[in-house]
Structure formats: structure tokens, C-alpha cells
Amino acid sequence: MTRRKQLSESMARTVFLLMTLLMVVPLLLIIGYLVYQAWPILSLDFLLTNPKHGMRAGGIWSPLLGTIYLVVISLAVATPIGILAAVFLNEYARDNWFTRVVNLAVVNLAGVPSIVHALFGLGAFVLFARLGKSILAASLTLAIMTLPVIIASTKEALAAVPKAFREACWNVGATRLQTIRHIVLPNSISGILTGVILQVSRAAGETAPIMFTGAVFFKAIQEGHLFAYGLFDQCMALSMHLFTISTQVPDVPKALPYGIAVVLVSSVLAVNALSIIIRVRLRSRRKW
Amino acid sequence: MVTPGPTVEIANLRVRYGHREVLKGISLEVQRNEVLGIIGPAQSGKTTLLRILNRTLDDVPGVVITGAVKVDGVDVRQVKDVFALRRKIGMVAPLPVGLPLSIFDNVAFAPRMAGIRNRSELEERVERCLRQATLWDEVKDRLHSLGTRLSGGQQQRLTIARALSHDPKILCLDEFSIAIDPVTTMRIENVLKNLRAQMTIILATNLVQQARRLADRTGFLLNGELVELDRTEVIFSDRPANRKTYDYVNGMFG
Amino acid sequence: MEKAARSIQNRPRWEVLTETAIEWLIRLCGISAILFVFGIFFFVFREGSGFLFHGFNVREFFGSTEWYPNSQTHVRYGALALIAGTASVTVLAMLIAVPFGIGAAIFISEFCGPRLKETLKITIELLAAIPSVVWGFIGLTVMNPLIINLFHTPIGLNVLNGGLILALMSVPIIVSIGEDALKAVPDSYREAALALGVTRWQLVYRVLLPAARNGLLAAVLLGIGRAVGETMAVLMATGHAVQIPTSLLDSVRTLTATIAAELGEAPVHSDHYQVLFIIGVLLFSITFVVNLAADLIVRGVRSK
């Protein structure tokens, strides 16, 4: 290669590298800054005590528990529906216009703005289904929000199982469902799990869908008690709590909102790390 | 002695994928307990012909099937339980496939799916089928290792064991030797020789000498048409009924 | 042998019935996405439909910047300023995110070694996983003082703040889909070009970008959809002024932020409440069209 070409080549590489770093580095700086500011307040106590004094002191127990409830219930609803829907799309659906419409609907559902999910949850679950503002209504709203990604990642996991296995099963007289149950699903578990786990961070982080369907500014519950909320109660939530603390409560000690932000971000990081670990194990334990 | 009726009767079978006609009016009968060889170059319709029998062709998009295909007197398209039909027919595909299960579970799969749960019955069945497929001695000490880790030749014998595990009356083999070594091919040909008394065998193959070795009658399929079907000796003689048969058998084309 | 053969031919009736039931359940779940998309449109439309057909002034909504839902004397629902708010932050975000996102996609796809690739992809995934409320918080506490100090303005919550945050939020989806688009270009294109002796830059500029044009366009569209639909980050970072911005340092309010900020106080089923739902219908329609367009463009690529 001529010298001029070499120069142009390395210039191009450098430019693109810089562009990439320009996005990645701010993220790392920001996370570092958040941790730095939150440091004074981070402790186990922070997690296990309730907010006090109009949220200016204390910890985040009630929002933390509320978020856990919302995540668990919404994924408990969305996961089975998502898996069955993906099974339909990958194992039963024929290649026709109807299937294309279904796939289009999944993509569109994924692109619905979170505030529109909030409006839908308000109109359908809180009002129409008369669930009122409750953990149940908020969880169902979150479930519909997380559904499309669960469908997409499950479909990918199912499609990774070679077709030859299915044909071998049909040749010996197994039904479609038997094949799915004994061969396809067991060999897709890792991929499915990755998709579901990633939605944990999504469900935990969203604010708008729960703001009008069940999350509240403040609710007093017992500290350290795992079953302090009821299905039809309203609840506090970490995401909502961060929002209210940083925009609606004056004179909050500086470290407090940073602490909430750090808890949120670190749970997201932990969940993502878990999904990466599962992905790596999946690659090494493949049965074919 | 009254010979029992044919196991398979095909009358004027036409199969089309979209606009492409793959089988153009095939009529033939397969006699009970005979070995029928089907020879012909690639893309002549051999696989389609076999897959019609166990109805695994139904899922291909745009497939149109006309004509009658009867197994034991019942049209396959009118059978009530297609899964029972598939269990009646053992199918061995060209590429060896080991299911991602243990070797034991590979062979026990079909009986289990059909409802057999008794452990000793399954063990008996697995051993019998693996012996018949001449794989037993090689794997008897590692029945719980993964079927996918076997070699190609072993996996093809595993497929045969799987095919035998549901007591088929008809065994179909679709170019079974394409991806395996000659030694294993010979072993499987011996297996087929041992099985011929117990079941009807339909052997689609691109190796004409294989048909010559094994088949009682041989049919020559070319471009979706059954050019000639006769006793193997006739097909491979100097004077088959059709010139094209002679040319193909003697390597002039294909 | 015969007995075993007979026992293997038939499955118990209850097993067959259960299977049929499960398969119907599978089909039902399969079409659930369609049901939910229709459901969302239906229920959001329903809550706003009363006012939509009795008293809603379309001209005022799209043409006027006077948004006074709580006025005692003269209620007006002019959403033009809100639309301008959404448009301004989205445009700014895209002006930043598209070049950087596609640049990063090019880097990851063409210039990167496998280990760096893995690290970068994981980082981009993490960027995407950060909750929007945390982004809004960053806009409030990090960007805000930064902008105040740099530009000497009294308030740092404005188009610039929101646009920067949105850019960082939209980049991951542009990178991810852009990388897919570049990966889809057959290697034969690359091999042919390199055999002719072009530099990698020329390869990218003259061969890959045109070839991946459709997929990259789809990536941009989906990025736009993401930016238009974002709520919490812009709510916290763009300020609360309902006005058409004349400079990057002006505060604005987006459509999404308006709903979030005002829904809590609007009495249920009041006119104000219903107008907010109508804005929801508008937002849903915009993102629906954007997603549909992106899908059609990508399908156009695949059918070639």
C-alpha cells in the first residue's frame, strides 16, 4: 500500500474510533460522578430503612420493595405470554401476510412511547377494568411494555435450534408440541433467560407507565417486611422516587438522589452482567 | 400361497412446489416385505416421493399434491392420526442427525412420545434397536453420553436405531450413505439385509450399485417421471425396457 | 412383539385434548401483539374521544402556540409550541446521534478487532439499559450546571440539555441496527473492492454506505421514534416553558413531557384530561408511522 493510502487508512480508523469513544467515555465519567456524589449515603441501612422527614432523610426501603413487586409481577405475566407468542411465530406460523402483520405488530409494540403505555394503562386497567391505581394495574402496564422484547429474544433463541432436530422428531411420529417441549424449548432456555433478565432492568427503570397507574409519591409500609404491599395497594417505586426527590422535594441532602440513581444504575449493571454471564455459559454448554 | 397385498400403492401422483412440478404422474406399488430401490440423479424427486409417505411434505410452503397414495389400503391424506402413520414408517434422512439427548434417550424418544413409560420395556427396546443397527457394542458403556457427540457414521446408525424404535412396517432410507464413510455404509447395508424379512424397505439412492446389491425391484426416477420399474436383474441387464435406464445405470449421465 | 406394537400405535385421548388446548393457547398468545397494539390505540383514543368530537378545535391545536388548559377565562389548547418542543430536541438529538452512531457502527463493523468489538458492544448495551429517569437526573444535576457555566445563562434546562441527553439515549439503537445493516452487506462487495486496491475509507464511503443505505435509514428512523417517544428525560431536562424555541438555550416542553406533567392534575374525564389523551393518540400515530416506514424500508432490502 502506498504511504498516502496508509495515512488515509489510519486516519479513517482514528476518526471512527474517536466517534465511538466520544459516546462511551461520557457514560463512564457520568457513572463515576454519580458514585462519587452518592458515596456518603450508600450503606445497607440506606436500602433497608424507609424514607423519613418528608423524604429528606432515611433510606429507600419502600420504593425498593415496590420496584421489586412491580418487576416480579410484570415479568411473571409477560414471560409466559411472550414465550408462547414466540413459539407460535417460530414453530407454527406459516410464511404468509398474516404472520408478517403479527411481526409488524411486535415491532410496533416495542416502539410505543412509555407515556402512551401510561395512558393505555390508565384507560384500560385503572378505569375500564376497574383495578384502580394499584400494583396490579401498574404491573400489567409494565408487562405489555416488556412483552415485545421477550417475544423477539425468545424467537431468536428458538430459531437457533437447528431445523434438522425438528425433522428428526417428526419423522419418528412426535407431535409439534412434543418436539417443542422435549427438544426445542430445553435447548433455548439460555437465550430466553437472557431476554427476560434484560427486561428486569427495563421494568425497574421506567417511570411514566407506573406514574399514573399505581405508583405514588409516598406510602408508609413496614420496614424490612417482604410482604408489606398488597396487590391492590399503591406503592412507591425507585424510579418514581428519584423523579420526585429531584424535582418536587426542596432541601434534600445532596447525596440522597445520587444514592437512588446509583442503586438504579448498579442494579441495571448487575442484571446486564448476569445476562452476559448466561450468554457466555450458553456458548460453552451447547449440546451440538 | 396367497401373497398379501401391496403395502404402498401410488396412483398418478403429481407434486408441485409453487409452479415447479417435481413429480409428474407417478404410479407404482410396493410389495409387502420387498426391498424397492429408487435410483435417479439429484433433483429427480426421490426425496419428495419418500416424504409423501409419512406426510412430512405437508409443511413445505406452496406444495400441491394430487393423486392417491395409499399405505396398507388407506390414503395417507385421509388417515386420522398422522403421528401413528409416521410411526408405521421409519425414515432415515441423508444427513445423520443425533438429537441433543443421551444416546439412550435418542432411541427411547419415539416410544416415550407414543406413551411407553415402563423403564424396563424402554431399556429392552433401546438395546434391541441399537443391536439391530449394529451400534450397541460401541455405545453400550456410554448410553448416557450425548448423541450429538458421536461420529457421522455412528449418528446415522443411531438414526436407524431411532427409526426402528417405533416398530415400523415400512423403512424408508433417503440416500443414507451420502455423508458417511464406506465402511459404515457396508455395515448399514448388512443391517438392511438382516431386516428385509421383517419389513418393507424402500431405498432411495444415488449409488446405483447399492440398489443392485440390495433391491428386489428397482425403479428409475428421472426429472419427476418413473422411467422404468422392474426386477433389479432386468434394470441392470443389457436390455432394460428403456434406453435411458441403460445409459444412467452405466454412468453415461447423472 | 405384537402387543408392544399395538400399545405404541395410539395415544390416550386426554393427552390429545390437552395438546389441542395448549396449541390454541399458543395461537392466542401469538396474536396477542396485534391485540395489544389495537388495544392501546383503542383505549387511548376512547379516553379522548368525547372531547375530540365535541369541541376540539383542530386548527387551534395544530396552529396555535397558546397552551392554557387551566385558564379560568379563556381555555386554549394550542399545541404548536409543544410540537415545536418535541421537534427541536429530536432534531438536535439526531444531528448528534446519527453521525456518531453510524460512525460507531462503521467502526465496530469494519475497523474493529473481535475483543474490542465485544467490549464496545457490551458498553453500548449498558448505555441502552440506563433508565430514562436517571438520564433526566443527569440532565438536571450534571448538564444543567455545565451549561450554566459554559454559556452564562440563568437556566441550564433547555433544548441543548434535552437534545444532548436524547442523543446519548438514541445512539445505542442507531448503532445496533446500523451495525446489522452493515453486516448484511455481502462480503463479496468488500472482497471485490479491496481487490481493486481501495482504502478502507473509500470502501466504507463508496461501497458499504450506499449498499447499506436502506438499513441505515431504518436505523435513523427508529432512533427518531425513540427520541420522539422519550418522556422522563425530556421532562426533567428541557425546562417548562411552552414556547417555540429561538435558540438552543431556550427552555421548551415536549408533547410527552406535557402529558406527564399535567395528567396528574387534570380531573378525570375533563376536557383537559381528554386533550392529553388526544396528544397520546398523536404520539402513538407518529411512532406507528415511523416504525412502519422503517419496517417497510428494511423489507425492501430483503426482497432485493
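The letters A, B and C name the chains in turn, as written, and every chain counts its residues from 1.
Assume a residue touches a chain if its C-beta (ideal position, glycine included) is under 8 Å from a C-beta of that chain, and two chains touch if they have at least 3 such contacts.
Remember, it's a predicted structure, so these values are computed and weren't measured experimentally.
K.L.:
Ranking chain pairs by how many C-beta pairs touch, which one is first?
P.N.:
By number of C-beta pairs in contact, the leading chain pair is A-C.
K.L.:
Please identify which chain has its centre, taken as the mean of its CA atoms, farthest from the centre of chain A.
P.N.:
Looking at centroid distances, B is the chain farthest away.
K.L.:
Just give me the whole-number Å value for how far the CA centre of chain B lies from that of chain C.
P.N.:
Centre-to-centre distance between chain B and chain C: 53 Å.
K.L.:
Where the CA atoms of chain A average out and where those of chain C average out, how many Å apart are those spots?
P.N.:
The mean C-alpha positions of chain A and chain C differ by 16 Å.
K.L.:
Using Cα averages as centroids, what's the distance between chain A and chain B in whole Å?
P.N.:
49
K.L.:
Would you please write down the residue numbers of chain B that are in contact with two or more other chains?
P.N.:
83-84, 87, 114, 166
K.L.:
Hey, what residues on chain A touch two or more of the other chains?
P.N.:
175 - these are the residues of chain A that touch more than one other chain.
K.L.:
Can you list the chain B residues touching chain C in their complex?
P.N.:
Residue positions touching the partner: 81, 83-84, 87-88, 111, 114-116, 121, 125, 166-167.
K.L.:
Under the definition above, what is the set of chain C residues touching chain A in their complex?
P.N.:
Residues in contact with chain A: 19, 22-23, 25-27, 29-34, 36-37, 39-40, 43-44, 46-47, 99-101, 103-104, 106-108, 111, 120, 122-127, 129-134, 136-138, 140-142, 168, 171, 199-202, 204, 222, 225-226, 228-232, 236, 256, 259-260, 263-264, 268, 276-277, 280, 283-284, 287-288, 290-292, 295.
K.L.:
Residues of chain A touching chain B in their complex?
P.N.:
My answer: residues 94-95, 164-165, 167-175, 178, 182-183, 187, 287-288.
K.L.:
Can you list the residues on chain A that touch chain C in the complex?
P.N.:
Chain A residues touching chain C: 1, 5, 8-9, 11-13, 15-17, 19-20, 22-24, 26-27, 30, 33-34, 80-82, 84-85, 87-89, 92-93, 101-102, 104-109, 111-120, 122-124, 127-128, 144, 147-148, 151, 175-177, 198, 201-202, 204-208, 211-212, 239-240, 242-243, 246-247, 257-258, 261, 264-265, 268-269, 271-272, 276.
K.L.:
Sort out for me which residues of chain B touch chain A in the complex.
P.N.:
Spelled out, the residues of chain B in touch with chain A are 54, 56, 61, 83-87, 90-91, 93, 95, 97-101, 109-110, 113-114, 146, 148, 159, 162-163, 165-166.
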